[in-house]
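Next, two complexes with chain A in common: one pairs it with chain B, the other with chain C.
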Partner chain A sequence: MKRILCTLALAGLAATAVHAQKSAAVLAIEEYRAMLADGNPAELFEAKGEDLWKQKRGPKNASLEQCDLGQGPGVVKAVFVTLPRYFADTNKVQDLESRLVTCMETLQGFDAADIAKTPFGKGEQNNVTALATWIAAESRDMKFNLPQTHAKEQVAYEIGKRLFFQRGGAHDFSCASCHGADNWRIRLQDLPNLTKNPGDGVGFAAWPAYRVSNGQMWSMQLRLNDCYRQQRFPYPGFGSDATVALGVYLGVNSQGSKSIAPAIKR
Partner chain B sequence: MKKQHAFALSALAALLVAGCATAPSSADLDKMAADVVKASFRDEGIVKVSVLTPEDINEACTAADVAGKPIDPDLAIKLQDAQLKTIKWPADGKYLGDWKAGEKLAQSGRGLTWTDTADTANGGNCYNCHQLDPKEISFGTIGPSLAGYGKTRGVIADPTSPASKAIIEYTWGKIWNARAYNACSSMPRAVHKGILTEAQAKDLMALLLDPKSPVNN
Partner chain C sequence: MADPMRIRAKAEGNIATVRVLMSHEMESGQRKDSAGKLIAAWHINEVSATHNGKVILTADWGPAVSKNPFLQFNIKGAKAGDKVGVTWKDNKGDSRTDEATVS
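Here is the complex of A and B:
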């Protein structure tokens, strides 16, 4: 007991000392972050996504309630942490977003290719993002557990690994140029090492996320898309095999880590 | 009876498929990855899919990374030698331009993404990975700190010594084509790949080596 009190007192002293050293600017940033954590605007997208799931829409005027995200038609709890995975009906490994678009086509009659061609933040893509946000939230605090039993899932991991290390473009960058080692930063931005398990709520386990800097909700597809943009690569198709294989590589590396999605980012 | 037979057959088929499918070699997977790249990327704005055309040095470094091993030292030397030949040395013998222009370049990380245009001024991306002017607190840590670069290497104290000459030449070459000295370095081949011009390389040289540059003060 005495020891605990002593430790507490010391911790208190240390905290005071640290506090005294912090500049007004740093304190202001911390306060701002705390305010943000109080209310994540991602909640608005969650609510919209849940509505969209139940709403009758599209040429077939149907809801998505019979959509199979891997655990049977209509199951949304705990599915996000098992994606991307193999789906027998499409004979493909799919991530959450590409799977949602499949359901929007088969159940609601939307044109999947049309949605894939729609830029992020426009038309049906906004709905895909909202749906993905809600479904990710239905796995909040659960541990990633992607299946690696199907041969195509194993192959996707190996392809994803090769894509992660693929160098190209004007700057010869690969994903690993920024995310290939511990304790790396670009300017002041910390970069997780994604060649191994980066831990709870880091890297793959932190998306979809609301981005405060531009006021946008970002899905994993958009996160990967913008990484490739900054990498000076050409444009990866929405739901393309490259983005899904990368998702398998990142997701399997995060095995056992907790998802905090939808997260909030600067 | 018939049903059972059919079931046994399909189970056998599944086993066979599983057996065959779990066996792609590393080379098979490389080929599959290349096909996925071809099918997944498209031109957008100024960035064309041709920038992903395989090149020996990038292929070799990717293969080493995938295997989780450093690149074979003999292969690395061969690749570096080829890169070294791409470097052009200043015709007028002058290596140092304007450090102020160099600082501006070092600060900028712009250019050559699909949201840039052909007339976007390319930055050098230096502060993204390196510390340079010690007064700049926003710097990356992927590359080593270059604060005090010219001073700590003795170039400021004695710019004409043979040791200084070697450092000046190495620095020039490193900016022109970083991978001439380290085959799998993460640093872009700035002048070789057309990101920066020769004149801009001189400005970055001044930022690193001019006695008046904030890097050395």
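Here is the complex of A and C:
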């Protein structure tokens, strides 16, 4: 038997052309991302989420298979590209994660407020992220088509737009400070212009995504939460109306763009 | 118990390319938690792969391998329908074995 000592260089691979002109740097990063995309660990979370959906859990010992994500109870295929949307039973516009938490409360008997308070990456939040990853994957390559017929959906869009441009915090930042024009970046990360449609698989259409640098699966809620952290704002509540409204704004702007979620990020 | 691996194996000519994605924390033992205490090492020590039951690869891994590791290798002479098995063992004594069919 031959013994091979395997050293995986993957995680330590650095983009070397950092200081070259932008095009070379961008090419190097793209090559690095392409290498990572083959074997995206998001698949592990997809498998876990699919399992969780069917598993009987919680105080009521029920599965989530009767959960209505907008296309009727139990329908998972193609729902992600229509969220956030208005739900009559809760009389609220909800995104995928806040809707999942509603289902976990009504069907499985979990305490929604308790889950919302749990930090990302801990306890039930891990399960919400895995479920969201799988459900997003069930809409891979489909085009965003958020409904804007209900009055609350239209209001959410307007609120999201205002929040996007609202400046505040210690640095007087807004979302638009970084995502308000084309070809901006932070260090080496290209920043999509989210005031218009950024195109297939960019911005709203790229999350949930696996972050290689910290080995974490990031949902849209965590993405928004971290954007606010970087702006030095207080953390927005998990599944709060503000984060959902921002989701509506970004999602409607991405109308017709393909979702590549779950994606892979640096 | 550990989460399942994802194994994909595809034959082209007489070579099969196997891609394995393992779900593991791979804690290096070098990091500290928020209280400043060292987080105990917890990583895969040993990986082995089999082709139709015969061991074809063994590897010693350590704390330098990334979280949720990805492993790719080729098997000469493997064809569609063959079974590929992968097993890992970690330093806490946990282990996981999964199998896939070459397509």
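Everything that follows uses one rule, which is that the second predicted complex is superposed on the first by the 232 of 266 C-alpha atoms of A that agree within 3 Å, B and C clash if a C-alpha of one lies under 4 Å from a C-alpha of the other, contacts with A are read in each partner's own complex, and residues count from 1 in each chain.
In the analysis below, a residue touches a chain if its C-beta (ideal position, glycine included) is under 8 Å from a C-beta of that chain, and two chains touch if they have at least 3 such contacts.
What you see is a predicted model; the values in this text were computed from it and never measured.
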*Now for A:Q230: first (chain B), second (chain C), both, or neither, which partner does it touch?*
first
_Looking at A:G215 after the superposition, I want to know if it touches chain B, chain C, both of them or none. Which is it: first, second, both, neither?_
second
*Taking the superposition as given, does A:L44 touch the first partner, chain B, the second, chain C, both, or neither?*
second
*In the superposed arrangement, which partner chain does A:K161 touch: chain B (first), chain C (second), both, or neither?*
first
*Have a look and say if chain B or chain C is in touch with more residues of chain A.*
B
*Does the superposition put A:P262 against chain B (first), chain C (second), both, or neither?*
neither
*Classify the contacts of A:G251 with the two partner chains as first (chain B alone), second (chain C alone), both, or neither.*
neither
*Is there a shared patch on chain A that both chain B and chain C touch, and which residues make it up?*
none
_Contacting residues of chain A [partner chain C, same complex]_ = 1-8, 10-11, 38-39, 41, 43-44, 47-48, 212, 215
*Any idea which chain B residues touch chain A in the complex?*
17-18, 21-22, 24, 29-30, 32-33, 36-37, 39-44, 47-49, 51-53, 58, 61-62, 65-66, 112-115, 125, 127-129, 137-142, 179, 186, 188-189, 193-195
*Partner chain B, residues of chain A touching it in the complex*: 151-152, 154-155, 158-159, 161-163, 165-174, 176-178, 180, 183-188, 229-230, 232-237, 240-243, 245
*In the complex formed with chain A, which residues of chain C make contact?*
3-4, 6, 19, 21, 23, 26, 47, 55, 57-61, 64-72
